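As structure tokens, the structure follows; a few thoughts come after it.
Every chain is named by a letter (A, B, C and D) in the order it is written, and numbering of its residues begins at 1.
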């Protein structure tokens, strides 16, 4: 792990990952209570990808996410209150209670949406990058998608166009081995090493350990800068794993318990903590403080959300047309 | 040109290419006369691809084509009368006058259709191959498509599935450098060498001179056999050129006249004739005989088509549902 | 006679299709190991193996297209597209290919296949996952569209779909899977293009289909308490469309309400309303009224979602107002 | 006042859009070097250069999606999808993305864009290239759909589309490009959601749009010779839909015929018919009748194609029969 973080940055990194973890666990509880409904896809186990990649961005870069978007939103520092309120369908939610878990938006943070059509966000990201290029803005778009999304025609069409026009897109492929219950070996012709697909489009690509937040940062930073300085799109494949089901409705019988256990030994949070402690970057006491504050943040978020109002029925027709 | 043909096969090869050429020229005239309508896409200049590839197939192999399908249909020995009648919308046409130029069908010859949605035929070909595989039939599917079709998501999804399931599909990419008025350099990230895309899917692929019918045969035959014997899909990129416009409506101002002239020096028919004459495979007298008979075939086709009846209006509702 | 859920009925139909025809196979995303997003095909992979139960890459276009091609090659594919929202990604294969093949080839090719998919809102899935596009497919000659509303029909219609030589879109409403109902042990089927009077009445006719049938029946019960007897008609299939049954009813009642979950403007309810008007004009005592989903992308919030989807009280209020005129 | 073709009018609108807004750009297959499949954008590449006139790979999904994304990023894209048949490949981006963005983000995002495309049959292009899907788009809240029938409206509506903050599907009928008409030199626009009476009459109302307007006007002329004065209404846009103008007319004439090129079952004509019935019930002297395309995939043969598309004589015959009742 050649990259080193100063204490403040390291604590922040830990804090974000921990926040995501606890937030997601809380979501699961709220779902069981029936306060969150619909499809709920948790990011538990994948925290290092969002935090490593997103903390390497500038504030005005764009982010485009998928339906498993809480982690990205929290890493981008969207207000946890607003996210939780959104999950509970409240008017104070980041999308006014209209989008729900799969469709978080906060344009003020460059968070251009969670998208629930697999692969549908890829052309959107290419379009945002087109606007950056057209307007000569100093921005990039970071676009998250899963291994399953690689199989959609969208992947092909979007990478081709991004490369053809040398657009500032950082494609972040979160390869957690499964699209719902289907292992990539059963859905992609070349199985592992999906990043090699980028060759077809002349897009530089790298595969990294997505359980290691430092590895993610180390890879992401130069690639982002390359893209920012006009080098065209890049692709990062982060090998990761979700510790939980695809969604709360997942029967979960398609994964081997041993496989799950093995991946859990690579827990990105523990891994980072071990590293930081062993390098004396921060101490157990720092962790305790953060854990406490993060728990409070999550508790507050729930409280805020529960106390918020549902949208008025009369508001239903707002924002369809100008 | 290491492959050698015996006289009969060589004459047949010449005859098919010549038939396509004259048939297409006749179509252009009939279009000007107003007897053929709609979009008319001619195959002039590309004859070696269809003839080389299709003559390497077995009789019960399937062929799936696109809207530029007359050449494939003639190479597959569909009745020229039926094709011309189809182009004139007559009830004696191969598709009963319902399909027109872009939608030729003759299931008795395994000719499973011309398809007018760019790339739409690729999944169809994969599906036909699925049925072959499922039923353990001794067949392959040959699927033609253009360089422009490579950019559709269909290409990606279809190659992935064909490879994943090791299906018997021979993908024949007719790279004539343009999709309508757009040169591949302006539409595909990697420009030339489209066949390299097949790597992403673990599909063996080769690029060949599509103006050389012997080269096409030489490449196609072993690849077809590989596929037939369970080796999974293959891809052949045939570099070729259309000597005429995209369709009869083409303004044709996007191609350099020098480029066109240069390609015309590679005329697949002249090239093959020169070869055959120089190798003494057949003589000028043989050519004269064939030319005469081919002209007659085309004249007959026009006569047959002109004299055929339009479909009855009452037939309009036939064959929508069982 | 036994009780089955809609889910079990559909499964039963699929088992029958698979058992009676070796050329029948299933394909779709996560229909195998995962058991299907709505668990309809649970157990099929174990029973029939990978050749006949195929988990697909997330690639709706090639899923639908491969089904079409394999049907052309002699197989009988039953495809699952996880929800009707995702059929938009397969639409070119469905509308420009499956639906056209037989006609354009002048009958040389047939495309026997069933495309199962899930329609409707109410599950808190928001705008991209709560739509009702079955009416669009019903606009397309060359396709058939069936919309079962209960376990009996789910099985009976499936059996007819299995006999069809042409592509059928079999539309399952997301809220119906756990609904139970009587299903005879002995063989029966429900023909396509035959709607059914599921409740008799002489005051007003309610025409509906799919997920809205139970809503209308509930409304009819409430109306009955108030002395209004509604006749409720379940269309069962949208293409072929049996309008006769509804016309007959309207000739009797003189009044009609059409209820659908889809957005009103350009929705399939308009088809029903205009066909009724064309055929029962002289019998109408008041305008035919359409009750439809609110014309908004479906909001996630439960409160808004409930307000956006027609419910029994909307139906009763509308009908009561209508009767007073 | 000068004469322009529909093609020239659309071009003029596009030039105005490009000249007045530097953030406006064009994208589509072969709109640049080739000049556009229907030559609408001929000359644009030379005038505006490659940055603002972008030839696209044949990849409708990413064409539409990139437009949406770039609109979110502050641009004003005007997309050409070569024909409406190919929009099926872009439908997910149009319906699940463009149409939903503003609502789902609670107004944080707007998607100002125009998607131009070509509808209709009559050109001998057969089943996959002769369809009319504008009614489907008109079913979707979050989209606007405009359907000009003449040069004046083509320009006037385009000007309103340019003002729109939301995605508009601008539908050009394939047979109208060379139709000429008067277009004022001075600025005007035609608002979305305002239909127009293009011929007055008191005996029967014909409601139609797009390519069928001229067919209906021709029919009206013929009817006039036989003493029947038809009022012809051009809807101009399908969403927002102005039904008021038609209702007013029907209240006057007592009779209505709806004419569209699309297949009848589930076509948008049903929307018009049912809305009229709902709003003018008491004024109707006879049933509202729909005249639509035959319910077949469009055959190539000229004879069959002509028989499949409504023509003036079908309209006159229908109306005469209606008047006799």
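Simple rule for what comes next: a residue touches a chain if its C-beta (ideal position, glycine included) is under 8 Å from a C-beta of that chain, and two chains touch if they have at least 3 such contacts.
The shown structure was predicted, so the numbers you read here are calculated from the model rather than taken from an experiment.
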Chains touching both chain A and chain D, listed by label: B, C
Pieces of the assembly without chain C, by contact: one piece
Maximum centroid distance from chain A, chain identifier (CA atoms): B
Rounded Å distance between chain A and chain C, as computed from the means of their C-alpha atoms: 36
Whole-Å gap between the CA centroids of chain C and chain D: 30
Distance between chain centroids, defined by C-alpha means - chain A, chain B (Å): 46
Of all residues in chain B, the ones touching two or more other chains: 95, 97-99, 103, 115, 117, 120, 151-154, 157, 160, 164, 186-188, 320
Residues within chain C bordering two or more other chains: 56-57, 59, 61, 85-86, 89, 92, 96, 103-104, 126-128, 141-142, 295-297, 299
Category of the chain touch graph - line, ring, star, complete, other: complete
Residue ranges of chain C in contact with chain A within the complex: 29-30, 32-35, 37, 39, 55-61, 85-86, 89, 123-129, 294-297, 299-304, 307-308
In the complex, chain D residues that touch chain C: 85-86, 88-89, 91-92, 95-96, 99-100, 103-104, 126-128, 131, 135-136, 138-142, 238-239, 241, 262-263, 265-271, 273-275, 277-279, 281, 284, 286-290, 295-297, 299
Residue ranges of chain B in contact with chain A within the complex: 151-157, 159-160, 163-164, 186-190, 196-197, 199-203
Chain D residues touching chain A - in the complex, by the definition given at the top: 23, 25, 51, 56-57, 59, 61-62, 64-75, 77, 92-93, 96-97, 101-110, 141-142, 144, 164-166, 240
Touching residues (chain side chain B, partner chain D) in the complex: 37-39, 86, 89-91, 95, 97-100, 102-103, 115-120, 148-149, 151-153, 179-182, 186-188, 250-251, 253-254, 310-311, 313, 315-317, 320
